[in-house]
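Can you keep this structure in mind? I'll have questions shortly.
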């Protein structure tokens, strides 16, 4: 699937296809010509992605082929043992987690699950977790704390599920509880915003010692559409809202909300899973290794200082 | 309401009524005669209650006019501030609790609520608590631990609610969790079996440093009817089962399951709330005063030893 | 109970009273109520028990012993970290307007005071300041007051009144959720009591952070309390929600609020509870 | 994997095999299965994945490294504190029969052993002994093994298989619920891992005590797990329950079981999990 601002690339790609159809086995100058096309395509892609607007970045972050948590797990981990349930009410498919091994690090992986096909998407509410999802996440974090293994969360949600049942079962309480307990958790926490970092639903598993973000991910207090419809009274002004909200990795690094950007391959993570995983793994391993050396007491005290400093300007 | 084994008393009572109807304003010998009737009644009642069988005790423990938790609260406490909810799913009316003051002791009171009239009975499932009831109880106990005030539980339940929803929301987990957390609770816990101590539903709030029991209360692993229908394959053999199960306060004191019996007035607690409350208060105050002096560490270690010794015969 | 003495003093000498000066209409049941009676009732309708929103100063008058309130963090003000502008112009202009309108610098006032003689740290949100929205200054004041409570071993009381996070500060306002909760984690670590009072409305990012992690949760009658907005939920589930959805009473039934307390009883209830928490 | 070698050795030399010696019928789907295949499959039907109940010795063979199991608390036996008798006679007689039938003294066997080289404390309930019921001896052995785990800094694994508390010991059997949980509270205090494995059936007082407070909850496929009995619930709600009610799979959906693990994979799964718990 090609995004609307990629139409120049799409055009080159269709020329390439045409060329290949005409020349099924190119030789000599034809090969050179094909290479030229390919380079032209790569240059165009690079140019576009070097200059993505915030709203275009939102499109990339929401791309239907963007790697989801299960892709990250299989791309990064040599072992994954999924654990289910909140021990209170249910097992939210929109929030998954379990033991995982990344190289020589045993960790607890937790994150939003958007689902690949429609069936799965419906089962996991398109990545909008319910209270039982946040409570499952908390249970696994407390287990990680007991077992002295770090927590790695993958954030990719449009937001916490805004349903009647979710409200009745305490969506607000579940997120709030996680914020408090994560602040006090005596084991390292690394949060990675991989796609959409949607408001309370994102921060509900996002209180990390280190917060990482893929270069085309977004992280925001409200969706650009939601903000536009409230502050611009016009949902179509989403691009302007996206701009104003400063939701890209670059802006968030400047604002000291995130600690490091994980660069995506040219054209976005969805175009090259292998490279995306390789880069993500490298950054994760670096932080896992360094956090391992910090005492639990120092960890929580640093984590407090980190979040306490956010929005302190006086 | 008169119980079937009280028919001799009932007979005397109806004679007294008859006598009073005939002699609305008795004088002289008539007064003496009336006094004789009254004494006869008192003697009979005393005789019956001194020789209650276990199955008769069950009838008294379940008497519709027996004092319920709200009666104990208003009879014992100068202040009660009810607290609601488990912060997870709901507010179980079958398990109530809150801050209370007994003389000069601030405590957390928690207990089963059977309900007085049919409406209330239905709302609180006839004292059969749901998982959210046990979780509310646990929340209040943890709050008491934080605030350094003792917990006093009042046990009066046919058992935990055996409904589909209760199972789905983890009746087993909720009770089990309470058993573990109560064992570890760093504040004094006094449990009082006031009526029916029904199996898991009772012990779910029954892990006390001191376990008290009203003299006509019962406490059992299974209802006599349930036991009879399984082991005798005949539900009408409840009296035999009640006998075999050793469910009376006297038996349980011998078995070292309870620590002290709170004597009820002659004829049972339902015949004299005032005396019942007075006696209960006295016993409670004695234990509150004595437990206050024990350090939290010593409390939990003694509590462990106490329950660890139950059923240790080798 | 001392009540609105300052505002009443001002309002006490009308030159020539018009009808609107003598009675007001209850915003909920539309009953007509004499203004004096309304004020005497702490802005609560005695017909429908509707609790009108109060300013932070009115809250101080209702809850704290007269003359005991000391404001803290008064210098902390709103910020504009994103240089935010929307179709109605710059956030900075709007913020300045709100400051002028309310005499506040942010959506919360914080300080210390006494409740029937018991010293407390307290944060009081004021809905008039940009809908009581949670922004960097709000979070900072709530955090600093928690730290003050820890330093002075005081119980902490927060009165929430908020539509949620303030979009104009973008992600910074979202981060006030973990920030305030991290402060409350420290308070818990210090074993100090925290009472959360939810007033109308307590929604969005405020309900999903400090308001929902109290040792005790008290709500004013009929207050709106919830995470997502009614309209969003109705659009999601394609169904009408029940009338009492997200009311304080509804939250009691669903296990998230300990008790509903009428405004006139709030102060005494707080002091009673604080005594159980060992505060003197 | 070593499997039932002892029992197989005995069964290996039939004099003249009858039909019933060659095949068995799956108790669940009624399919006919060659006995050799059935045993090789660890008594699991490969058609319907029904997991037949195992004896504690079979469990040892499936889960522990060969020759590593050391029994503990072997002298602890059943008790008759109430001198209990029912219509079928004294409990004592029944208990003696069960001892003879099973070679056990109580419904659980406890000890220590190794799982792929990792040392563990383990308690294995056996349904053959009075329906795996929880009684004073059972509770005492489970408690003592927890204390052993604490002394030797070992993870603790309990395999439950029980219909619930043993009525014949009355209140004493009920008290094994807080007793075992108090032991597990001590284990938690010592920061040691506890894995609860629920096999068919795990119900009543066992589900409402030690089985449900594990760090990790594993269940065998299709195991019955629940508090109240199906018939009691149906009588209470006056409705038929769904077919899969109280199955292991149902409990995963409702949040109470972490994972369903097939018998043949159980040992490896345990050793994997124990490594995450820091056990060597």
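In order of appearance the chains are A, B, C and D, and numbering begins at 1 in each one.
Everything that follows uses one rule, which is that contacts are C-beta pairs under 8 Å (C-beta built on N, C-alpha and C of every residue); 3 or more make two chains touch, one makes a residue touch a chain.
If you're wondering where the values come from, they're calculated on a predicted model, not measured in any experiment.
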Problem set entry | Neighbouring chains shared between chain A and chain D, ordered by label | B
Problem set entry | Which of A-C and B-C has more C-beta pairs touching across its chains | A-C
Exercise. In angstrom, rounded to a whole number, how far apart do the mean CA points of chain A and chain B lie?
Worked result: 55
For this session: Provide the C-alpha centroid distance between chain A and chain C, rounded to the nearest whole angstrom.
Result: 34
Seminar exercise, completed: The distance between the C-alpha centres of chain B and chain C, rounded to whole Å, is 42
For this session: Averaging only over C-alpha atoms, locate the centres of chain C and chain D and give their separation in whole Å.
Result: 54
For this session: Would you give the residues of chain A that are in contact with at least 2 other chains, written as numbers and ranges?
Result: 87-89, 169-170, 173
Problem set entry | In chain C, residues with contacts to at least two other chains | 254-256
Exercise. Think of each chain as a node with edges to the chains it touches; is that a line, ring, star, complete or other?
Worked result: other
Seminar exercise, completed: Those chain pairs meeting the touch criterion are A-B, A-C, A-D, B-C, B-D
Seminar exercise, completed: Residue set of chain B touching chain C in the complex reads 79, 81-91, 99, 106, 132, 136, 143, 146-149
Exercise. What part of chain B is in contact with chain A in the complex they form?
Worked result: 87-89, 135, 169-170, 173
For this session: Spell out the part of chain C that touches chain B in their complex, as residue ranges.
Result: 191, 193, 215-217, 252-259, 269, 272-273, 275-278
For this session: Would you pull the chain C residues touching chain A in the complex into a rising list?
Result: 75-77, 79, 81-82, 84-88, 135-137, 139-140, 143, 165, 167-179, 181-186, 188-189, 204-205, 207-213, 225-229, 232-233, 236-237, 239, 241, 245-246, 254-256
Exercise. What residues of chain B sit close enough to touch chain D in their complex?
Worked result: 160-164, 166-173, 175-177, 179-184, 199-200, 203-204, 206-207, 219-222, 227, 230-234, 237, 241, 244-247, 252, 255, 257, 303-304, 307-308, 310-314
